[in-house]
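Sharing a structure with you now.
Chain nomenclature is as follows: A, B, C, D, E, F, G and H, assigned in order of appearance, with residue numbering initiated at 1 for each chain independently.
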Amino acid sequence: QRRGIPEAILADGKSVEQVCSLAATALETTDRALVTRVTDDQLAAIGSRLVDPADSSVTLERRSRTVRLMTGSYDPPSLEATVGIVTAGSVDVPIADEAHVVCSDAGATVDRVDDVGVAALSRTLDQVDRFREADVLIVAAGREGALPTVIAGLVDTPVIGLPVSSGYGFGGDGEAALAGMLQSCTVLSVVNVDAGFVAGGQATLVAQAVDAARGENSPQ
Amino acid sequence: QRRGIPEAILADGKSVEQVCSLAATALETTDRALVTRVTDDQLAAIGSRLVDPADSSVTLERRSRTVRLMTGSYDPPSLEATVGIVTAGSVDVPIADEAHVVCSDAGATVDRVDDVGVAALSRTLDQVDRFREADVLIVAAGREGALPTVIAGLVDTPVIGLPVSSGYGFGGDGEAALAGMLQSCTVLSVVNVDAGFVAGGQATLVAQAVDAARGENSPQ
Amino acid sequence: QRRGIPEAILADGKSVEQVCSLAATALETTDRALVTRVTDDQLAAIGSRLVDPADSSVTLERRSRTVRLMTGSYDPPSLEATVGIVTAGSVDVPIADEAHVVCSDAGATVDRVDDVGVAALSRTLDQVDRFREADVLIVAAGREGALPTVIAGLVDTPVIGLPVSSGYGFGGDGEAALAGMLQSCTVLSVVNVDAGFVAGGQATLVAQAVDAARGENSPQ
Amino acid sequence: QRRGIPEAILADGKSVEQVCSLAATALETTDRALVTRVTDDQLAAIGSRLVDPADSSVTLERRSRTVRLMTGSYDPPSLEATVGIVTAGSVDVPIADEAHVVCSDAGATVDRVDDVGVAALSRTLDQVDRFREADVLIVAAGREGALPTVIAGLVDTPVIGLPVSSGYGFGGDGEAALAGMLQSCTVLSVVNVDAGFVAGGQATLVAQAVDAARGENSPQ
Amino acid sequence: QRRGIPEAILADGKSVEQVCSLAATALETTDRALVTRVTDDQLAAIGSRLVDPADSSVTLERRSRTVRLMTGSYDPPSLEATVGIVTAGSVDVPIADEAHVVCSDAGATVDRVDDVGVAALSRTLDQVDRFREADVLIVAAGREGALPTVIAGLVDTPVIGLPVSSGYGFGGDGEAALAGMLQSCTVLSVVNVDAGFVAGGQATLVAQAVDAARGENSPQ
Amino acid sequence: QRRGIPEAILADGKSVEQVCSLAATALETTDRALVTRVTDDQLAAIGSRLVDPADSSVTLERRSRTVRLMTGSYDPPSLEATVGIVTAGSVDVPIADEAHVVCSDAGATVDRVDDVGVAALSRTLDQVDRFREADVLIVAAGREGALPTVIAGLVDTPVIGLPVSSGYGFGGDGEAALAGMLQSCTVLSVVNVDAGFVAGGQATLVAQAVDAARGENSPQ
Amino acid sequence: QRRGIPEAILADGKSVEQVCSLAATALETTDRALVTRVTDDQLAAIGSRLVDPADSSVTLERRSRTVRLMTGSYDPPSLEATVGIVTAGSVDVPIADEAHVVCSDAGATVDRVDDVGVAALSRTLDQVDRFREADVLIVAAGREGALPTVIAGLVDTPVIGLPVSSGYGFGGDGEAALAGMLQSCTVLSVVNVDAGFVAGGQATLVAQAVDAARGENSPQ
Amino acid sequence: QRRGIPEAILADGKSVEQVCSLAATALETTDRALVTRVTDDQLAAIGSRLVDPADSSVTLERRSRTVRLMTGSYDPPSLEATVGIVTAGSVDVPIADEAHVVCSDAGATVDRVDDVGVAALSRTLDQVDRFREADVLIVAAGREGALPTVIAGLVDTPVIGLPVSSGYGFGGDGEAALAGMLQSCTVLSVVNVDAGFVAGGQATLVAQAVDAARGENSPQ
């Protein structure tokens, strides 16, 4: 049986109708739906059309602009593996949240550390032990994007750099952060600018590999 | 005890003297040296100065432009984990070889599949089972760089895309491949153009995480 | 007598008045009008001003944002040639529709196949026979734009790659798809990002050449 | 039986040994070999090692840096279709020659018109009738690359624009020509900068489609 | 006494108040004002505040988004020189109009030829004699920007290329046209994308030089 | 009779044989030849093959890498007009020299001012009167390319900016200078990076227009 | 005790609530708050919620879109050092104002000189003595960004170039100005496009170093 | 009396003759010469032609490719100020050396710290006190260029970022480092890629300002 990363609906550029209908179908066929990058209107429509406040047959969880729906009969997966998700500043939070929901939805434990940017290095250094305990790390950073480089120099955990399009001026659309992570003098791999979903998907695949390895010899 | 990725000497832009001296020091202090991107001159000098053909106290292994030296007393690491390394065409081989040596040197099993480019799709499809057996995959491709996208759509193994600067014209310096992998409609992470060392390092970190997980519950 | 590609009015950046007036003139002088990239306002005005619901003297056909008007006296051309039009995902549909209308309007048979992106390769492989039956193929794809490369490797039909500006981050404005198609390791030619009109025009010219060849020796 | 475009060996970046060995294998197995972008050394070696001047069992034809070898037993294909190949200036000739050999090798008739650049427009206008008689046109141009645009405005033949990396300064590496052809205000499709092989391959596929159509109803 | 190019107020990014106040001051101190890139609001305010319909003491002339105001006491300059201004398509008109007003305002005769794009070459060829009679030519073109190249090959008049940001996709913001004009295989000079004011200013300086030369030996 | 700019042979990328043969033909048919961008080898060959030291039937003049040949029977043109040519630094000299030879060859008076870069502003200010006396100015500058902007602010003469590819780092290939001249806050037109030939050609066309104007009313 | 640059709240992309709450906290804990890039709404809310018109316990100062709040108990720092801030044109003022407030807030004397662009060089030359009296200069300029280069050639004061994203066409987003300042033929350092805050911060750090040096030997 | 930064001769692209002659003139007129970016040949020629080993009237000092010559009568300047110069890795050394010689030559004390890259953060943290003691810091770094950002977050000293063109792949020509420093989330200013001379010059100007401030109140 294939594991793979969770199916998701990218709401960006779709109408309210399309998003609701795709989510309804997902719920009906799989007891679960994941919708990323919803607008306020899409979110409101999903809430009012798909969730019945009177009974708890469908539950809705939200993180920034990502929404997860489950029916009562949904049997969520569970992984014996931890994904660390780290952000440099508050503007990186919504993008990191996309990754967060993907990993949680796949059953990984997520250890979240926010606001440890390079400008205040001691906050980063204070968290090194937590970073080391994760099986894989996603590090989101905008502007010059130096945080993944710094963290990857301190730990042996694989680091996935997630560049964010905060900032302005030359390279401010995330290209400075992307280029910096690609040129990193420490070892890490990278996803595209603002691609929280991809970072979460890739971390999930690593977590699944680790979970499978843990399971191989585990006493039943 | 930290694992980390193997130390290496980047010969690019260093003199013959510098490279030999750095390699000699590494051998003396760690019984081992890894040198990437050697020129013919650097290679010859390493061979004649550091390896004594009369006795086998120092052995030299070479793959493309990457060289690995070991003394008899070196106790190489061993990982219970497999890295699959795939190339699209023959121009991708030397870059993939950099990754290959890094992973081997760290003790991972490397399963190498060459020449399965998208233009001859059936060769790729024939190898899907091998791809699925690896714990992590490095897929090297130049030109439009579509191979990692295609493979990541067929397997649950995490894929690290390695863009190669083959090609000419617009995007021919590896930027088309890099951009394509970053935009991939399947989930994968990416390293910089020609960064075989980084791809090998990142795959090694994933392999170490898997190996550690395998070791946790293994009967002693 | 010259054939050429159908005349069209590019509504983009024109006022409602300009578009209606140009379309009215085209209808009067040629019994036909083709308008691409209409806004909702332009579309409504065309409908209410140029089409009389009471009598069917002018008919209106619409696909996405492209509109075709014909009077009862219009004698449409007909080509003995098939253009295959393929899209990778739903965001590519409106751009492919521009090409679709141009080819239909010129009298070609259009064989349309939607939603066969590289991430689900089996759907592509299932359609190979249909692709082979076309005289020329237009393949529209955004993000990394790998679909034309994959299809061109499977068929002998000439493929025109049509890159689409879906996606975000580095190369997300269609440049990754464009660069990938230009670097394709299989043979294909390319039009500009989102240039559905040009792809349709070029396919029409090939279809006309094939139709003319078919006609040369056909028994009268 | 599939037709496809002729197999070719890209000599660029290969050693003299590799090129000769690949060509020898091609000759043995298919009685024919096509080698593009040969250096002087590679060319000399091919000549001396694969062609025996004493007997004419292997013949060698050369155009610029492209070489075609055939044994006496080779039965070349033949297409009832004409590819027009046009160059703007003398620097475009070697790139156009790559396309030329590919089309000839596939059996198409090639009608070649050199040195009709936009700076001397009357030379272009004088050739319009020849351009119209071709089934498909390749138009190679460097610098601002306006020639395909001008020709496509004068004929109904499908035009494949082939940008060439002549020129210097901003856009002088062929990007100005490429961008200009992609933005062309007349309908045409494009291949990458200096991609003579791809232009020839795409023209061959169109010529094969036309040839097949001609053949369908032809009296046996 | 210095001549120079006419002073103008760039309305872009200024408030209605600022624009009216700057124009009022210019009128008061020089009996004349030139305002470029006005919005509808700015235009309305200029009209109602600075022009009294009851008496004709201030007259207002408008071309696209450029506005010229003169009091009754203004003594306009006059040049014995002609500037030809040519556009390729209707989208180029507003940008060319900026240049037009600057030249007129400086007293040059403007010979305006619209809609002679490369796609319909015969319309261009029909006007060659008019182009030759001008002392200097401004040629505005968007998309691939080939028109200045074509015209400069047909005349000895100095040509100033004016690239326009019409178009979409790669190079569609005017960069394809700019790069094409810079790479032109005929001799011309260029101004920035959409810089109608600069093109008009430079043509004015040439017209002034010609006018001065005409005046040197003219019998008094 | 058309004037136009002088014909020239661009030696760049041509063989010694080609250059000599083209120059010989030009000499025979027009009593004159102009060769730009010659290498040392090409220059030596031109000297030894086309110029006979024993008799002065062919004279050779050289400026940087541009060479001009004339037979005794050549009747050079003469223009009553002055082109000012200004360089910012010594690295700009060879590019400015290309322009210089083109203008001289067309018969214009050239007033040359070297080494008046912006870093030593007083040297520029000292020459303003000379700049004002020219009918048209070419201003060559590399690095940030500010000199044409500064000079155009001080004079009413039309200025043609000539960006030069001196410098290193970001924009060091002439793009910073080109972009700066295109964005100039004073009025000027521009040619491509290192396009001395084009700058000279455009200045020649302006000089011819001025010369013609001077001639119109001149007493015979 | 560390000095450092003043803390600031970047309002860009934050909600009205977030900005007011961050400013309130800053006021409470440090008796002072600095908010950059406020919108009209954010500004109004700050005024009405944090400032009580009835008593003067909190004062508000504003420059362009930057706002500074202080309670009565705030003891502002004071530096014995002068920062000169120079703008080329009126569009540069709001960006320079960001720098201005940062320097004032840190206690530096600010000597402000507006509207001395390169197009009117005499206005620049008139101010050279003032420029020389500053301890450090910030020079803000858009378009071609030549002003810092010109000023740095006239004074020994360190110059910090501040490129501004005024302008349109190629390089009009501030990249021409940035590249020009980086390529400057006089010595200066640079901050990112529109980074008034960073320019002010860096000038503050230099002013603090000068102030400290002045204080070392000053008689107490 | 103006101070300014030291005059230097940029040997890059000059002949051996030119460099020697310029250096000889500098020595004669100012008793001192500074030559940057010398080749081996230029260096040898300077040594043999300008320095007489028999007597010590001219002394030569060299750092990487920068050379400083002084006669016995040269009275070097002296500044009471310290410039800290920091490099991330060994490839940054030659570029930092250019800055080093400029600062030394102007009389500043240089405190040099090599090889404290971000990959080994503890080496950086160990040196923070030294960084704090400098009056101004130059921090040279290639690849992702994160070091200046990290250091500027730890000290109040003004930091000048010096990006270096080490690295390969996307952004490997120093653009990743440049963009990262421009986007830095800590305050710093930047010079162009590899512009060691400019960094040294700017640091010198700050050191001179500090030195002058120290001198103002110093007891005579």
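Here is the rule we go by: contacts are C-beta pairs under 8 Å (C-beta built on N, C-alpha and C of every residue); 3 or more make two chains touch, one makes a residue touch a chain.
Please read these numbers as outputs of a predicted model, since none were measured by experiment.
*Asks:* If I compare contact pairs by residue number, which of E-F, E-G or A-H overlaps with B-H on over half of them?
*Replies:* Selected from E-F, E-G or A-H as the counterpart of B-H: E-G.
*Asks:* Approximately how many whole Å separate the CA-defined centres of subunit A and subunit G?
*Replies:* Here the centre of subunit G sits 38 Å away from the centre of subunit A.
*Asks:* For subunit A versus subunit E, what separation do you get between their C-alpha means, in angstrom?
*Replies:* Once rounded, the distance between the two centres reads 53 Å.
*Asks:* From the mean C-alpha coordinate of subunit A to that of subunit F, what's the distance rounded to whole Å?
*Replies:* Computed from C-alpha means, the inter-chain centre distance equals 60 Å.
*Asks:* Give me the residue numbers in subunit F that touch at least two other chains, ranges are fine.
*Replies:* Those would be 169-170, 172, 175, 178, 182-184, 192, 195.
*Asks:* Which chain pairs here would you call touching?
*Replies:* All chain pairs meeting the touch criterion are A-B, A-C, A-G, A-H, B-C, B-D, B-H, C-D, C-E, D-E, D-F, E-F, E-G, F-G, F-H, G-H.
*Asks:* Name, in rising order, each residue of subunit F that touches subunit H in their complex.
*Replies:* Residue list for subunit F touching subunit H: 91, 166, 168-170, 172.
*Asks:* Note which residues of subunit C are touching subunit D in the complex, please.
*Replies:* Residues in contact with subunit D: 2-5, 81, 135-136, 156-158, 160, 178, 182-184, 187-192, 195, 198-199, 201-202, 205-206, 208-211, 213-214, 216-219.
*Asks:* Can you name the residues of subunit G that touch subunit A in the complex?
*Replies:* Against subunit A, the touching part of subunit G is residues 12-13, 163, 165, 174-175, 178, 192-195.
*Asks:* How about subunit F: which of its residues touch subunit G in the complex?
*Replies:* The contact residues of subunit F facing subunit G are 88-89, 117-121, 143-146, 149-150, 153-154, 167, 169-172, 175-177, 179-186.
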